[in-house]
Amino acid sequence: MLTEDQLHDLNQPLLAEHHLQFDYLADLLARRGQDAHQLILQLVEFQVAIPSWALGTGGTRFGRFPAGGEPRSLEEKIGDVGLLNQLNGSSNSISLHIPWDIPQDIAGLHQLLKEQGLSIDSMNSNTFQDQKEQAHTYKFGSLSATDRAVREQAIQHNIDCIRYGTDLGAKVHTVWLADGSNFPGQSHLRRAYLRTQESLAAIYEALPSDWTMLIEYKPYEPNFYSMVIPDWGTSYTLCQSLGQQAQVLVDLGHHLPNTNIEQIVGRLRQLGRLGGFHFNGSGYGDDDLTTGSAKPFQLFLIFNELVDANQDTSLTASTVAYMIDASHNTKDPLEDLLQSVDNILGAYAKALLVDRTALQEAQEANDTVRAEEILRDAFLTDVRPLVAEAYRQSGGALHPVRAYRAAGVRQQLIAQRGKFSLSTGL
Amino acid sequence: MLTEDQLHDLNQPLLAEHHLQFDYLADLLARRGQDAHQLILQLVEFQVAIPSWALGTGGTRFGRFPAGGEPRSLEEKIGDVGLLNQLNGSSNSISLHIPWDIPQDIAGLHQLLKEQGLSIDSMNSNTFQDQKEQAHTYKFGSLSATDRAVREQAIQHNIDCIRYGTDLGAKVHTVWLADGSNFPGQSHLRRAYLRTQESLAAIYEALPSDWTMLIEYKPYEPNFYSMVIPDWGTSYTLCQSLGQQAQVLVDLGHHLPNTNIEQIVGRLRQLGRLGGFHFNGSGYGDDDLTTGSAKPFQLFLIFNELVDANQDTSLTASTVAYMIDASHNTKDPLEDLLQSVDNILGAYAKALLVDRTALQEAQEANDTVRAEEILRDAFLTDVRPLVAEAYRQSGGALHPVRAYRAAGVRQQLIAQRGKFSLSTGL
Amino acid sequence: MLTEDQLHDLNQPLLAEHHLQFDYLADLLARRGQDAHQLILQLVEFQVAIPSWALGTGGTRFGRFPAGGEPRSLEEKIGDVGLLNQLNGSSNSISLHIPWDIPQDIAGLHQLLKEQGLSIDSMNSNTFQDQKEQAHTYKFGSLSATDRAVREQAIQHNIDCIRYGTDLGAKVHTVWLADGSNFPGQSHLRRAYLRTQESLAAIYEALPSDWTMLIEYKPYEPNFYSMVIPDWGTSYTLCQSLGQQAQVLVDLGHHLPNTNIEQIVGRLRQLGRLGGFHFNGSGYGDDDLTTGSAKPFQLFLIFNELVDANQDTSLTASTVAYMIDASHNTKDPLEDLLQSVDNILGAYAKALLVDRTALQEAQEANDTVRAEEILRDAFLTDVRPLVAEAYRQSGGALHPVRAYRAAGVRQQLIAQRGKFSLSTGL
Amino acid sequence: MLTEDQLHDLNQPLLAEHHLQFDYLADLLARRGQDAHQLILQLVEFQVAIPSWALGTGGTRFGRFPAGGEPRSLEEKIGDVGLLNQLNGSSNSISLHIPWDIPQDIAGLHQLLKEQGLSIDSMNSNTFQDQKEQAHTYKFGSLSATDRAVREQAIQHNIDCIRYGTDLGAKVHTVWLADGSNFPGQSHLRRAYLRTQESLAAIYEALPSDWTMLIEYKPYEPNFYSMVIPDWGTSYTLCQSLGQQAQVLVDLGHHLPNTNIEQIVGRLRQLGRLGGFHFNGSGYGDDDLTTGSAKPFQLFLIFNELVDANQDTSLTASTVAYMIDASHNTKDPLEDLLQSVDNILGAYAKALLVDRTALQEAQEANDTVRAEEILRDAFLTDVRPLVAEAYRQSGGALHPVRAYRAAGVRQQLIAQRGKFSLSTGL
């Protein structure tokens, strides 16, 4: 944990330049009729959940290269997220993954969360790996397995997740189903869907009435011929069959090449079924890179859809769970997360800048060039001073990554936890 | 038109070899417990509609190279399809495209169709091009246009198509909507969807109660940022909002790279919303190549899903409209169509060979290798003698392309219609 | 043609705001040790050629919707480019396409070019379409055709292009070869390559010693099974076999999904074989959209490679021909081109901002986060005031698109040339 | 090891049906002027190397599900390959991976190989993972690393591999370089290439004069922004800079979506730089599935290029190293390999059936339909009896997978090695 004094001292040398830039931007926006302080309020309010499994370096099947000082327990993970939230004031909740994060000392965890100003956002089940004590293997699937005993085990695991979450005050359960097949013929495509629907219904039945169940989709990996839930259409039909507490989760890395993701986001929001996001960056597939690192314009266009829908009074209000889901080899995982949140806030800030009245006029008039330029004007504006000011007003660092480095956090973590501590994750 | 004698003479020199091959295959199948004659009955029954616009060479925006002797009128198009159906006995209906095929002499057309043993399968509207006499341009969309007058014109055009179809005895109306946008911002993605939904509802209202309305999807081209109906999920939600006569049409070329199309087919069939097919071959996108030329295994897997669903008594029976939608520069278009039908029948025949009882056993037991080999066994079997026998039993040619060439059909068409006749199409 | 007074008057109302923004940015850069005026000199110097075929609306095979007032002759095309160059001072040359732009009055054209301050940049051959008077068809290829007479015709056409270009002072000949096949078996892949190599050698022999011959590649369209020159590797081996005047041309839309184009650019520059660029925007394939409209970050990364290589004294200096190659339905084509140039200059300006010394330090130290942030810092900076100032210093408009609209150019062109004039192109 | 008697007994019940099918096919081919026995000789001669790392189940980063009885030592791996080769007579060599397969008892290994009738085919280095005793980490690259000490370590490792291979009689060294970057800016793209070139030159210098060095390429994974050797063009230019013993290796799973791989194969063969193959099946990327399971037609087209080039007397003869590189979760790895070899032989057999004289005639005459049908005729022929006969004549099993199962091999291996033995690999 950093102290307030430390944060203050870290910001001090940057303040003069920050004010220069922020004041200029605020004036520029004012000349366009936009109130920088209103925008900052919205940025301050925006929160992204941090996944417990991204606090260590993620790898690939070809290797994993730990950063050192990775958290060894749920308590240490909470500590890391607390630190991130101190630095950026924008990540006040955690996504947990079971069995990696099975809570032991519930009261202690509540106390720790309270001290850090954090809450538990979403529970995530794992039926894609076998655990040591497990009775049945998931080698051939879990919720879609042909073997009833396997399905029952997987259902029970999901219900356990909900129970752990209830203990910790979570309200969201996320199901990512890795089930599928690698070879034509291996699996009966329609029956696998029906079995999955039935299994999900059993989990849904155990869902408290104030919870949301998120159904993720993914076109390939770890299965390379078929995935049982490959696309938003499949998630959507499953949600329809379950009930209104079932919602679709969009993971940015889970799409075929060239998919227009922002359109899916808008569509699901319109249909009342957009429940959550997994943010990450992707060049090729589920690459789990820093959000916004590969396609910053796409990230902006996604936020453009979200902001547009939120301002659309014809739509029912909607709670979308924003979560990061990424971790990779070549960065310090905490810096990676700070960058992701920074890119997300930047995209959100730009989306808030869009002049929607003018845009709608241009769209209605089929003035393609003007409509595009209105969007681009927001995208091209350098909003970093707005985001920095939001951090500052939240009590965080003007430049979280620099502060993190200046404070020597990683070195301290290595000193505390050792050079070869390896956090649970992929 | 070929005479029965001509067809007889064309088959004569091939018959001995055919019988040798067919008898061997029938024996082989018999040893596996399969009855070749039962299979042939199913092949004979199977019919694929021919699109009127594929009777001339299709091209690309870079050029079109006519074949010569292309049909110049709806009557000549019917003649060409009649000829194909004589040769293969498997293409006894026609898809029409309005305004290219506006019928004038209804009674005459009925008479002509009857003579040729043909019927009209599906009507197809065109709101992606401007016609000379048109009041409003489709430059900025049609059913999704921001301008109400444009939408009304497009709705009316679709209703006109249905009316023309009613005159000719058709029962299916296909909507392929080219609407979309080329640039972020150009179109409001959610409002474009809502306007489309409203327009489709107006068309659906005009649909006779014994008709089906098919809603096609396509991820890109002619619009390259967004398409209003890019994926099966969007088609599906539109169908749901319209009613049970609205069904999804799957065009094989309308998918993002690496899409598992057979899974979509199975899914839609399971959901009771698979209404039709556009068959074609595709290496990259909507390439409109000969069906089965690029990915024969995929075509087999699609038929495997169709056959499997048809034999599944838990599903409601379903009428799926099978249509070809392809035409390209480098082949005689009639030979192209004969090849497409041939490949379709081959894939269907192989799918009929699959030992579904054994396959299900292997699937339930998670015996991946065995399940795959059961499928592959059907795929690797050379079923050409079965298809040839089905042609023969329908009164057609054992080898339609060879017969077409031997009979000198193209030369005759050129003699009748000229070297530079250019059929309507793309 | 706009008068200087007109341009002055168009800029007048924007000047105060421009100065405010420019002065702020110049100060900001100065604080980072960068000289805005030096940057502007580089921007002013940068020129992008305009293709004659982009002055009319481009379309797709599904339709083309003309804008009105399109140029009807080479002289009118030169007039349009002159106008663009007046507005942005950054497009002082033209790419011609034969046979669409066969020059008639050479002396008159030289006079006209001189008056407009323009030159001819590159000649482009067309062997993908048949022309009326042509002896042999390109239906089955041109430089790769099996028929020697077809190849000779195509070779001669390319030699003619060079001759026309010589008359007009051009120094670059571009070969985009559409040849390929749609079906496995149609073409012998290795022999098609060898025939192409031989044909190119015959053209190369006719190349004046101060010319460059650019060899473009494209993975698909208009052929959808194989293209004879599908990738940079093939272009490169062909160039090697020809000689040092043969160079590779990179067209941004001619790549498979997810290709890292900037790496190809760097590689070719390193190998001494990067000869030219076709700029355009692409969501899916050869979409021919406004440059930078779909993937602005990619455009920046490409310029980052170019600037980096230009500043690398270990490399031999290189002349890269920068050309736009794009035109689409839904925009006024001249506005489209102004936007493209604007996006190109913006990307170039950002690439010039990259602190290469710091970047190299971070790269050598494997400080991934810092290296990325150095690049992103340049990308996120709003450089529009720099580009506007470059326009102003070139005698152009601070905001070319707005000036174009305010001056009512399109309306005047329609008045002069008619509403339905259709320019040559695709 | 199976005994000859066992193999005889396993074939016995299948022989009658086999003879029926084989005789029919031989007759059919004879009527087409093809000699089945000649074809079988070529099939018998064809050998595919088995990678030591595919003898255990491969997995994904999401999990690995061992099959039981996996080999625990190099000696046991040789035993497994010997068994495969007994069953199919087509896999008489092994690819080794260092450090997983560092040989200890050289004399003993030679003896073992001799007993089994096997040889070592190719050595494969591993610089994508850190080993325990390693001085420097490969976290930021190996042959391309900015740190000279890392590069030297990686070079030395490759030289060690060659030395181990020399001890064992290998003649091929394969370099797959996982180096690259995950984020724009992380790596200087051109300098990474130059460092790699320099490192490869140092390895090449250590290459015995009768060895070949294969340079593999891969577009992404484990790095998701850039790979240093992403495409065949890069491999090719590196080979050119090294010398004639350097050759390109094509891995079927290492291509961007929709790549025409067979064309690359033909191109490299024409350029004299096709050195080897890694066979596997791929739906999306480097999926490492059974060869031919996903795209059997593509596999046939690849063999069509190979056979065509081998029969082309204008080309210098070439030794291509054929290796499998695949292993996945859901199959018994030995069954997986038997299937892969079976599919490879099937594709090869079909390619041998192509009537090349007729094909060339059709190609020269631009008879697209006929050319395609000639290829398809070979593809559609059921060649399984030919492959089975080749197995039989090599002393193997008519149906290797069935024999493997009938002999209870996996159960014996589990009994010997235990249920939880986990072989080295990914």
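Chains: A, B, C and D, in written order; residue numbering restarts at 1 for each.
In this section, a residue touches a chain if its C-beta (ideal position, glycine included) is under 8 Å from a C-beta of that chain, and two chains touch if they have at least 3 such contacts.
Going by UniProt, the chains are A, B, C, D = Sugar isomerase.
In this text, all values refer to a predicted model and were calculated from it rather than measured experimentally.
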Original post:
Through how few touching steps can chain A be joined to chain D?
Top reply: 1
**OP:** Check C-D against B-C and say which one is joined by more contacting C-beta pairs.
**Re:** C-D
Original post:
For chain B and chain C, what's the span in angstrom between their mean Cα positions?
Top reply: 40
Original post:
Can you give the whole-Å distance between the Cα centres of chain C and chain D?
Top reply: 42
Original post:
When you check chain C against every other chain, which residues touch at least two of them?
Top reply: 139-140, 181-184, 186, 219-220, 225, 257-258, 260, 283-284, 290, 293-294, 297, 330-331, 366, 368, 372-373
Original post:
Residues of chain A touching chain D in their complex?
Top reply: 59-63, 65, 128-130, 137-140, 178, 181-184, 186, 219-222, 224-225, 257, 282-285, 287, 289-290, 293-294, 328-331, 426
Original post:
Considering the complex alone, what residue numbers of chain D touch chain B?
Top reply: 17, 21, 24, 28, 31, 257-258, 260, 283-284, 290, 293-297, 330-332, 335-336, 339, 346, 366, 368-369, 372-373, 379-382, 384, 401
Original post:
Where on chain C is chain D touching in the complex?
Top reply: 139-140, 146-147, 181-191, 193-194, 219-220, 225-226, 230-234, 236-237, 256-260, 262-263, 266-267, 269-271, 297, 301, 304-305, 308-309, 312, 359-360, 362-366, 368, 371-376
